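Could you have a look at this structure, given as structure tokens, before my questions?
A, B and C label the chains in the order they appear, each numbered from 1.
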Amino acid sequence: MKWLNVLLIFLPIAVFLEVTHGSPTLIFLSAALAILPLAGIMGQATEQLAVRAGSTVGGLLNATFGNATELIIAFFALQAGKLEVVKASIIGSMLGNLLLVMGLAVFLGGLKYKEQRFNLKSATTVASLLAISVIALMIPTIFDLAARGITPARIEALDVNLSDATAVVLILVYLAYIYFTLVSHRDILSTADDPDAHDEHEGPLWSVPYAVGVLAAATIAVAFMSEFLVGTLDAATSALGLTEFFVGLILIPIIGNAAEHAAAVLFALRNKMDLSMTISLGSTVQVALLVAPLLVLAGLLVGQPMNLVVTPLELAAIGAAVVIAGSVVRDGETNWLEGLLLLAVYVILALAVFFYPLP
Amino acid sequence: MKWLNVLLIFLPIAVFLEVTHGSPTLIFLSAALAILPLAGIMGQATEQLAVRAGSTVGGLLNATFGNATELIIAFFALQAGKLEVVKASIIGSMLGNLLLVMGLAVFLGGLKYKEQRFNLKSATTVASLLAISVIALMIPTIFDLAARGITPARIEALDVNLSDATAVVLILVYLAYIYFTLVSHRDILSTADDPDAHDEHEGPLWSVPYAVGVLAAATIAVAFMSEFLVGTLDAATSALGLTEFFVGLILIPIIGNAAEHAAAVLFALRNKMDLSMTISLGSTVQVALLVAPLLVLAGLLVGQPMNLVVTPLELAAIGAAVVIAGSVVRDGETNWLEGLLLLAVYVILALAVFFYPLP
Amino acid sequence: MKWLNVLLIFLPIAVFLEVTHGSPTLIFLSAALAILPLAGIMGQATEQLAVRAGSTVGGLLNATFGNATELIIAFFALQAGKLEVVKASIIGSMLGNLLLVMGLAVFLGGLKYKEQRFNLKSATTVASLLAISVIALMIPTIFDLAARGITPARIEALDVNLSDATAVVLILVYLAYIYFTLVSHRDILSTADDPDAHDEHEGPLWSVPYAVGVLAAATIAVAFMSEFLVGTLDAATSALGLTEFFVGLILIPIIGNAAEHAAAVLFALRNKMDLSMTISLGSTVQVALLVAPLLVLAGLLVGQPMNLVVTPLELAAIGAAVVIAGSVVRDGETNWLEGLLLLAVYVILALAVFFYPLP
């Protein structure tokens, strides 16, 4: 994915535009484009450290930094009080992983191979975890929809209470999930033993100080770009004719996940569907069990209490995506038509989000 | 299914009643009964042409004309502006295929054979396609439910926009599905190689002009009967104490699908559950990907713009039916109790529709 | 489970408190604790009679008396007009079986065995039946939600009509289910041939009069305790700061099902996951097909017409629980993380119910 690094040119462009008070729309676009390669570099540096650290600590590093870009963007949006954008980006990240990434991987892989089979065992285990995690994450929304008719006045406070409690339970479950993946059942779920899992990171190992330095620099650069992105959000969306809902649900997740997306497609093109599936499913589990609850707790810290209540459209979309992904996975094999259908659902959902009226 | 042809007697009866301005209720019932054998004859003539045409073009003929009866009835209802009836008949056709047809086939087959197994491969592939297609088709309804609370005034226009866009995406997916079924993956999904698939069409081949003539005559007769049916709908439903909702959701689909229903049951009684399952699942996929979007586009042509937004009861019913059918199929085997449960859900749903209040 | 019998001490305590007009809260708690061992004794006596009666009649006895405790408690609540508590206890019983019981069994079993596999055949058959039964049971609720916006005035009467009709269909399906389980397909579903299924009932057989006597005495004692429980419900819940909704959905099901819960966990600890799964799934099917419709019909007899319409929160919770349980079962194997996730969903749901505002 080295060609992606060409986009690093947008890093100085974004800084130049910001310093010279250039057009907010151009700053927004430059920052967005600059984040794509930075996320890839963060992933690469983490991978290098992970190889040095040995498999358990390395796995932990990979798992924790895997969604770092999304977390950083969402954190700046949270601090700026754009709670609807934060929540939309959580849902959008899961939709993107389950429909766009899996859809692209299955479609493109399916054009090359007539049928792609994969080991059902790890894929269905992760699909099970996914269904349960997402349902747990959605309980505050269901509660809100169910309780809203009864006491509208008290519902805001109850939403925050239940969301905080849910976030704590989910983080505890995440710790158990990490223990499960890295210690107790690592032989089942780990893809570390598959030499192909690391193909793209071939070549000489980086020294530890160099890897740490690259990771730190890329993280800081992502942080600045995220601040630019959030700072120009209002001006850019109104100039581009987009809603914040569309930006949170569609644009930010595509920016934040691009590096992972490329990896899932690459594995599909090498007929390694297990790895491809595990990336899109596992990344979604991480968003549900770590990213979303961390943002709720971070909201308490920065004085922006955020609940986990999303719109009914988001609830329905995420439910549909989990059902569809589970249905594709339980097959045990994929073909291009399934990939095309996943992409079609993503396109129709994106159209629905595009048409969705502003409150 | 030759005994069904006895009902052809209702063809002249319906015409006689119409010409002599007889009771609308009797015209309605005669037209409904006349359509049953006509749909069977259309299927038979298409099959004959398909055998002559070779398997690819023949498959295309079968796929396209498979839902012709439903399309014709729905088109006349559309032209008459009975949009709720059209939408109800789309949903009802899918409910009928997934619950009534599959239920009858599984139940009656299960009374004869203790356990009926089937090749999971093609059945689960079609079940996957089904789940995804139906979810895509339902997005406009979910959008409407989610957005209604925000801007009730603008929602009608947005519903039409999103429905048109969804229809275009679904038709493109349908073309891909036809290519997938007939060209790229025909060996997986085709039932053409199974000699039993054509058992019921044994006997001498018809000449092409004869088959074309029969097909044309039956199609025209179905068209007239459909016009009678729609023309007497209001009078007949109020005389019979039924709602248009019940007629669209329960009666019309039973009339339009009777021939297919008989085929699915026959295959189940011969312990060919693969074929039986493929008929009810595949027919539902066709409704979602072809019939429904074609009607939306036809609505634009005849000046009756129709959206794809159905009632919450219909949304829930179709969701439940897809979950249930998927659950039965993923088993890989069926027994009479599963069939009975499918029929019980259909009966309870029909009761709910019967009790459903008029707006 | 003999240690549970220690709790029998609360039987005389509850009676003493009731006679001396003691604190309602203490009566409530004593009655609740006394029911736990009584339910176990009822199960034991039924088992003894079942062994004597031969397998078919015995199976019928077990199936019918399996949910007797829940039925008795719910019946007294019904007679007292506490319809919301009755409906909540129906839903809560299913949630408890699918999330708490299955979760505890999978979690504790998973701590002992790294992976527990089970025969998919009977488990997925029961999971299929479960999904269909629960959907059928939920149709009146879906109907109510869908129709409420149209004619709020007429909806109450329609709800009762549809619920009565649904109850009749479900009871007929239950009779078919019993015939299926005990006669037509007993070889597939029966766990009677597994010697371990009866391990805990080892020891000398009771004489029939003794077993009948014990069963009668325990049933009467449960009845009295249930009356105490319902009679002190209002006072105790307000003293304890709980809502009736919480009591019906969480507390009563735990009390009524404790004996079954223990059995499911014991089988999991002996690595007999088939039996463990069948207990939690089968018990849920019984609630949907027998307990719920019987209570609707009993409501008509005692002049407390009850519909099957539950709150949207309950509808969503039961839907989620069925999806999750199906997802865990279709895996064909379980591990402690899946159990923990089931328990986490139960905890978050219980929190949601706890926060749920009073109407």
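Heads up, the rule we're going with is that a contact is a pair of C-beta atoms (placed from the backbone, for glycine too) under 8 Å apart; a residue touches a chain by one contact, two chains touch by 3 or more.
To keep track of the chains, here are their UniProt names: A, B, C = Ca(2+)/H(+) antiporter.
Since the structure is predicted, the reported quantities are computational estimates derived from the model, not experimental observations.
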Next item on the list: Touching both chain A and chain B: give me those chains, sorted by label.
Entry: C
Note to self: Given that chain A and chain C are copies and touch, would you call their interface same or different according to whether over half of its residue numbers are shared?
What the structure shows: different
Check: Centre to centre, by mean C-alpha position, how many angstrom separate chain A and chain C?
Finding: 39
Checklist line | Residue numbers of chain B (touch at least two other chains) | finding: 330
Check: How about chain A: which of its residues touch chain B in the complex?
Finding: 114-115, 311-313, 316-317, 320, 323-324, 327-328, 330-331, 335-338, 340-342, 344-345, 347-349, 351-352, 355-359
Check: What does chain C use to touch chain B in their complex?
Finding: 124-125, 127-129, 131-133, 135-136, 139-140, 142-143, 145-147, 150-151, 154-155, 158, 161-162, 165-166, 169-170, 172-173, 176-177, 180, 184-185, 188, 326, 330
